[in-house]
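Read from first to last, the chains carry the letters A, B, C and D; within each, the first residue is number 1.
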Amino acid sequence: MEDVQNQSDSREQPIDLVGVSGLRYPITVRDRTRQRQSTVADMTLSVSLPHHFKGTHMSRFIEVVHLHHRQIDMETLPEIISSLRTKLEAERARIEVALPYFVEKTAPVSQQKSLMSYDCRYVAEVSPDGDDFVVAVRVPVTTLCPCSKAISDYGAHNQRGYVDIEVRASRGPSGLPRMVWIEELIEVAEGAGSAPVYPLLKREDERNLTMRAYDNPAFVEDVVRQVAAGLRDDSRIAWLHVRVETLESIHDHSAFAEIYWPDKRPDYDR
Amino acid sequence: MEDVQNQSDSREQPIDLVGVSGLRYPITVRDRTRQRQSTVADMTLSVSLPHHFKGTHMSRFIEVVHLHHRQIDMETLPEIISSLRTKLEAERARIEVALPYFVEKTAPVSQQKSLMSYDCRYVAEVSPDGDDFVVAVRVPVTTLCPCSKAISDYGAHNQRGYVDIEVRASRGPSGLPRMVWIEELIEVAEGAGSAPVYPLLKREDERNLTMRAYDNPAFVEDVVRQVAAGLRDDSRIAWLHVRVETLESIHDHSAFAEIYWPDKRPDYDR
Amino acid sequence: MEDVQNQSDSREQPIDLVGVSGLRYPITVRDRTRQRQSTVADMTLSVSLPHHFKGTHMSRFIEVVHLHHRQIDMETLPEIISSLRTKLEAERARIEVALPYFVEKTAPVSQQKSLMSYDCRYVAEVSPDGDDFVVAVRVPVTTLCPCSKAISDYGAHNQRGYVDIEVRASRGPSGLPRMVWIEELIEVAEGAGSAPVYPLLKREDERNLTMRAYDNPAFVEDVVRQVAAGLRDDSRIAWLHVRVETLESIHDHSAFAEIYWPDKRPDYDR
Amino acid sequence: MEDVQNQSDSREQPIDLVGVSGLRYPITVRDRTRQRQSTVADMTLSVSLPHHFKGTHMSRFIEVVHLHHRQIDMETLPEIISSLRTKLEAERARIEVALPYFVEKTAPVSQQKSLMSYDCRYVAEVSPDGDDFVVAVRVPVTTLCPCSKAISDYGAHNQRGYVDIEVRASRGPSGLPRMVWIEELIEVAEGAGSAPVYPLLKREDERNLTMRAYDNPAFVEDVVRQVAAGLRDDSRIAWLHVRVETLESIHDHSAFAEIYWPDKRPDYDR
């Protein structure tokens, strides 16, 4: 049968990314306690395509995912991408893996356990310009408004907010990206809000968190700065982007704040 | 050209609803101040199909919408549906119109004006069993947790919540559905929460609402009951469904409560 | 500490459903091959609340989920719900579990394997009126338009469509709901479209499916009827709802069709 | 009352963007025929914040929108942003406006009229580094797979796809951004797919489009290149990003391709 994709193209226009998106697969990832956890990923895989080739071979992306889905994490992704690059004869290959990552939480007073899910994302790229690796996580927190507290005789509006952190790992002596755990990013984000949130809270926990939030008011501006200040001096981190959005309880819109450090970067912004 | 849709079918299976969904159109609706407002609707239109017909004629739905889109409201919908029913030679015709509806809000202390959008939905049906008309609106409110307030020395967690109200109008003496204004449903919902929300609030308004919410703690259970109690005795309302969902500020999940009155009904539940 | 929820309420208004929604948990479910699969669920849990109680105890929902999340399927759900009902001292308890369910697919010609995810939902309820159990699945298929094929000299527009099936199981001699496998519903849905879809297809498979779709044109009306006709005579099924929606390739809106059999039912419609 | 936002901050961390998102407002925009159209916008407004200020004044964003919402388009946005910058005493101010934009379409054979909505987005920024203006639009098209056509005896799979175009206008002699009409971008996108899509098509139109798509097969790679080649030589355009995604009818995932020209840029990528 004809291989239409292998035909040539004359528009003199290389393609930055071509591939598949919205591919859902069960995957197994490693977590900090060195155990493995099973979760479900939404994947986007792509390669670059030189100007003279008409098309890429989409089915090979699925073959690579199917082969490797039992072992996807920061350590194996580089190898999976290399295999993608070879199989598709591409200069550049890239994988994005979005997944809920589960962490056991212990309620602050009752000590009751539950599992909390965090939306995470790994983005890895291999290219002649060097490899790249980004980890992202969305951390829900409580924020209590400093202005509302200061101007009211009692009470203060508060709400759920989301702290989105993206970090690009620096290279270690081996040339490999340094390891930053999702759990570490969660800790920084939770420490920057007025209080953390939990799936399971008994009354004594609710009392504790209510007063903790009132004692730690924070604007979106405070949260985004606190996270950036907590990560910018970490030598494992070469670049970061923090976005905080709070679902204001007195409005039907959100407040948000964003920091790029040391500056904006063109890659991985979507 | 062949009219495939007019062919016959032998599976002895009538179809309850067949039509188009996700049709977006600019529309003009009437608001309580007797002015017209321009907004954008997401529409679903359908008819019933007897067991012996193979298919319906989808393009006619769009023709009807295009013809009438400048004048869609509670008063004109019955006529539009009748035209749909005739044009598609159907026993039953049904239109769902989902739209943002804008209401001018005045901040409680500063008296500053802004426009707030409410997700609304009209569902109208004409059939041999009689006509039907449902109005639905989603109203954001603040809720402040009575438990958190009672057990804490200071503060109380609060959050944005959504009150979804659906009402089926009763028939007036003329046989037409009685008019219930979106604005009336919004008022009931806002009165049932701990405090209303606004797009534009100055500091003096924020102080007012912060303390008002603290003075009026309400569980989802309280809000849903208050709305049902406020509407069930209104003679213009034959049936209602209320759902309250609060985006808990101490969790990453929601609390919710629902009441059907006088009971669940099979129609219009989706 | 004060138990605010246990206080009484005087509005004479019972609540149909009160609980938590949007709770994401890793769960393990049983699949037809008798193996277990790990996936991620979005859960909604609720109970009824008599008119005289102010509130329910939300944290107990999470405790029940945390205790049982390693074993959730059609066989264990009744027990989990009973435990919920007891723990919350409620007349009625209800659990909805939405999850991606993975099935191994074999490409029709190349025989290559891949995993395909299907959005599924279990709804189970225990109440004095009797227990209830509903299984739902969304199956993507290809549909090729019979009209477009008939009136064109060559080609025919086709597109991805979704077949949503909900079935309520009948009772077996033991009084328990009869088992209907997700895999069986998928088979009926795939047989009703113009062709099934797969994650991984090589060129020979693509050729096979392209021609199979052209040989089997089907309107949404045909697909919805074919599914209803294929399930309505199954004695394990007491009630069903089928909805087919096709992402028309010649429009930016969808076509859809729905059948309820033997009729509409008020429960579980949302 | 205390102005908490005006307090100072010692973390030495400026904030790139701080403001409000998810603000929905009815707006009036200008279209190519020099008439105005009413639509509904989802807005994001932000400013930069120097390291020594604690917070910005969120309510002022809403005041600016309320004042100007009847006149928002490429010509007035610069003025609105300047007013925002002044009012918030910021170095940099930025507005994103996402809206459905309606264009009248004429069916190819029957000549019947209908309105089609296109998701558009304007992003405008004023800063000491110079002003910036980006226009984006999503255009649905049909794509028919060249491979499927080539290897099959008859038929070819086809589907709806979305062409997302973002262009940054170059400066005219006056220093203002040059005008690029949404309608022009739509034309380029529709010309690059296998066939355009319409809300309203009669049978003769469906026949026409079915055969036109079969005569013009196009991979995502072809579409993305065709759009880039059609815009890169337009002197009004300084930068562009094109992304094409097709809702494959033989898969439950998408194929996609992206081109940045002349290269990736850090701004406006989200």
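As a convention for this text, a residue touches a chain if its C-beta (ideal position, glycine included) is under 8 Å from a C-beta of that chain, and two chains touch if they have at least 3 such contacts.
Note that this is a predicted model, so its numbers are computed, not measured.
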Can you name the chain that lies farthest from chain D, using the mean of each chain's Cα atoms as its centre? C
Copy pair chain C, chain D: interface residue numbering same or different (half cut): same
List the centre-to-centre spacing of chain B and chain D in whole Å, with centres computed as mean CA coordinates. 29
In whole angstrom, what separates the CA-based centres of chain C and chain D? 36
Whole-Å distance, C-alpha centre of chain B to that of chain C, is 25
Please list all residues of chain A that touch 2 or more other chains. 1, 23-24, 117, 147, 151, 199, 201, 203, 207, 252-253
Touching chain A in the complex: which residues of chain C? 1, 3, 23-26, 37-40, 59, 62-63, 66, 69, 100, 102, 112-115, 117, 199-204, 207
Within the complex, which stretch of chain B touches chain C? 1-2, 4-5, 9, 11-24, 44, 46, 49, 54-56, 58, 146-147, 150-151, 219-222, 224-226, 228-229, 232, 245, 252-260, 263-267, 269-270
Help me check something: in the complex, which residues belonging to chain B touch chain A? 116-117, 140, 142, 144-145, 147-148, 151-160, 195, 197-199, 201, 203, 206-207, 209-211, 213-214, 247-253
